[in-house]
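Across the two complexes that follow, chain A remains constant while its partner is chain B and subsequently chain C.
Entry: the complex of A and B
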């Protein structure tokens, strides 16, 4: 493999990590959505780079699908949902960990992802070496966003970041599963987003808020 | 040993920095004014300001001790000394053997320490307020500075600025990825050290937004000129550091007139571009609440930590 390809892969992995950080380091819901959109665009670029390096044309199709579905369709749906909900405040007011603490924790999680991916006995291949830790870091950061926040809307974004991490994980390890499965996964995500937005509407109608803490109360009626 | 020509070149670099620094401030003010649809003062205005202040008499409070009188000089001398170690258009700074990046940071802290003392010395309420804010910000920035420096130092093998810039200008076109993270951290640190938005605002003298201005509020005449000028020099030093470490293209590697000319031109272009970028950023963000600033510094620290992870793992 040429050094230039390696350089491009490393740089794109770094940019993907920075884009993922946008989801952690911002406050408003629209900011997260924009960060997710940016991250998906970078992910599509990374997918195209993997396709170029491995020379498998199906990966290009996956890149185009990523660009279309994750950076255009899903943010559109979620923006529509936010507009319709008309919540009082669309910023996360009281996450469990403060913003600065969660930023530091997420830096540690990234280091942990690099450590873990060194311990795993996978075959040594530049694509795996570079993108596996990035995908694990994405997975961890999405998990952090998911457990750290109280509103259901922001948890959806955390889930999507986790999904991006898994997508990159499979792509780096298997160099693209067959296209049929890929398309099936994308369809699943779309359906999942639609279901979760219906859930969000129901939640906001029942409780007048999106705090998932409300779901834990038992009621008799 | 340093030869005469080395010493002359090093001195010329420092003189260039000192001469260009008010111009940089002027460019930033003009850019900000234009983005806010004001005409703004000409870009040479900081020179006129300094020249006018030098001709004016000085008023010193009778409560002030020697610290108040001495700190503009300490400030100026510390920052100009730091300027000797920073490569400007030559990749190999002639005085680079004497001091490294850590010494530069130390000299900045010395200047800042005396500014804070001077703010407290005259026991005006604004001065104390500015000093306490500055202390908080500098205590927060310190770990971020050092982590960012370590990322750069382990990448290029040493904290000596000449080593860093020389190996940076010799490395491949695509930099090492951990430097992107270090650059983010250094940029945040630069905003904080120069008191730019969202850390502080240079334009106003409102008690809510002043940091550096509050400490220098009691100064007048020549002392104020010194304080303002050393602040501009510090700003151009930080800009030059960022530009030459992370975008080291076009630096002169030998002392021939041709390569020095190229190095000079690229240096002016790089720093001016960075200044215009920072001015645009300043126009687009608001001053952050003081207690939200740790969030920004946390981003810088986390970014350097990830840079370290990138390098080692």
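Entry: the complex of A and C
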């Protein structure tokens, strides 16, 4: 593999990680959305690069789908949703861990991702070596965003980051599963986002806020 | 020929959903969905008779693959689907009359039911494990839509928790699936590496360490969706807040679909690393699930939540049977899947009648069901006896098989702990049930059934509960037996 290709892969991996930190380190929903959009554009580029390196045409289709759905359609839907919602629910003012602490935890999680990917019994190849730890880090950071935040919007973003991590993971490890499955996964994400948007509307109308702390009626006591 | 049969099976609910959308009237939606569900049932019986005869059916190349294991999952889906749609006419009609839902909601409901049936049917008949994942995720999305039919606070909460927890859980299952796929690519397979048949064939060549990690991911992922403790937290909320016919589908058959995912991957796993690893994990999760089910039933106040926790317990019993292994344990587990799929919807339907009559789900406010609604009350009691495993009803037999296989395989500790939990469940569940069924009803409750179609579905399921307690048709026995052989890694060339 040529040094230029390696460089491109390493830089793109780094951008992906930085964009993921953007979701962790900011309070505003629009900031997360921008970070997610950036991440998805880079992810589409990475997909195309992997397609070029491996020479499988189906991966190009996945790259185009990533660009269309994740960096255009989903941010559009979510921007529309936030415009319709109350202003105060758009920022995360009170996460369980403070921003500073969550950045430290995230750094540890990234280190953990690199550690894990060395432990796993995979054949070494540059695509796997570079992107696998990045994808795992995305997965972990997405989970962190999901459990650490109180607003329902940020849980959606957490899910999206997890999903990007999974996508990269699948791509790096297997050079893409067959196209029909990819399309199915994309359809699932898109429908999932639409459903969660509807739920967000109802939640804000019913509870006057998007704090998931309100969702505590159902319990056994 | 199989191509056409599968195509028709999938087209039936699809066309049903489209027709409901186009015609968009309550009456049409009911008739169309009842016909699509009954057509599905007829076709499934036809396909099953082919499976009994030919052992396996493949269609569209290798895309669809039905063996006895798929068949025993498919059968409950079609039966409960049909009965639930039949029950819906009266139940949703009553909600409509009460002003809980309007025409738009009813149409949306029947669209959802058709889509739900379609997505569940694909799970046990596809050979491609990637497509299986996609459709299991699709079942989550469709059922979330069905739960949010009501605009109540609780429904929103339940739908949100279900959506987030199930989606995150299933993302673990996707990681596990990709691991297996990767192992299969590296074993030099020539066909689509996502195909289950190819995966089982190559499983001996898989890297053992990789398979272990992969199976853990699968177990956590599909286990979340199957409601195995400690990943079950969304289940009581979702199952209790959904419209009752949907609760019956969720509890009775959707959980089986997720469990089916675990079982398929377990077969690959035992091909690669033997039975010890997966069995141990399954037994641990099973015991925890049964324990949590027992404790939660003991302290329960809400009727539908109690039934939901009982589902956690029964999914635990199924995993227990598979974990104990051996032909007897696995046979018991599959029988348990079928028995639970019949008894649980019966209980949900009965509780639906009760909650519509008494306008509450709180058990302490319900008294004297058998005086108010004699048919519903009797069937409620029969279903309850079956659920706690009292002889001569159907679940007694499967639980007995599962527990005795535990003794055979020398798992004395697990079996004795489980027996203690089952005794607690038995006492607690029956105490709650008997308090509701007997006693003097409040004077303002009008004494009549909720309607013909509120009783007929219960009667169908009730008679199945009784009949399957002492007689299992030989065709069904053969299917279950063949499926047990497949789960134990045999019967596959």
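One rule holds in what follows: the second predicted complex is superposed on the first by the 215 of 221 C-alpha atoms of A that agree within 3 Å, B and C clash if a C-alpha of one lies under 4 Å from a C-alpha of the other, contacts with A are read in each partner's own complex, and residues count from 1 in each chain.
Heads up, the rule we're going with is that a contact is a pair of C-beta atoms (placed from the backbone, for glycine too) under 8 Å apart; a residue touches a chain by one contact, two chains touch by 3 or more.
Just so it is clear, the model here is predicted, and its values are computed rather than measured.
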{"item": "Combined model on chain A where chain B meets chain C, clash or fit", "value": "fit"}
{"item": "Which of chain B and chain C A:188 touches, first, second, both or neither", "value": "second"}
{"item": "First (chain B), second (chain C), both or neither touched by A:72", "value": "neither"}
{"item": "Chain C versus chain B, contacts on chain A by residue", "value": "C"}
{"item": "Contacts of A:121 with chain B and chain C, given as first, second, both or neither", "value": "second"}
{"item": "Contacts of A:64 with chain B and chain C, given as first, second, both or neither", "value": "neither"}
{"item": "First, second, both or neither for A:103, with chain B first and chain C second", "value": "first"}
{"item": "Superposition-derived angle with apex at the Cα centre of chain A and sides reaching chain B and chain C, degrees in steps of 10", "value": "160"}
{"item": "After superposition on chain A, the shortest CA separation from chain B to chain C (Å)", "value": "20"}
{"item": "Overlapping contact positions on chain A, where the chain C interface meets the chain B interface", "value": "none"}
{"item": "Contact set on chain C toward chain A in their complex", "value": "128, 130-131, 133-135, 137-138, 141, 144-145, 148, 151, 153-154, 156-161, 163-164, 167-168, 171, 174-175, 178, 181-182, 185-186, 192-194, 207, 209-210, 213, 236-237, 240-241, 296, 299-300, 305"}
{"item": "Chain C partner contacts - residues on chain A that touch it in the complex", "value": "120-123, 139, 143, 146, 152, 155, 159, 162-163, 166, 169-170, 173-174, 177-178, 180-181, 184-185, 187-188, 191-192, 195-196, 198-199, 202-203, 206-207, 212, 214-218, 220"}
{"item": "Chain B to chain A touching residues, read off their complex", "value": "172, 174, 176-178, 180-181, 184, 294-295, 297-299, 301-303, 305-306, 308-310, 313"}
{"item": "Touch list for chain A against partner chain B, complex", "value": "3-4, 7-8, 10-11, 13-15, 17-18, 21, 25, 99-101, 103-104, 106-108, 110-111, 114-115, 118, 133"}
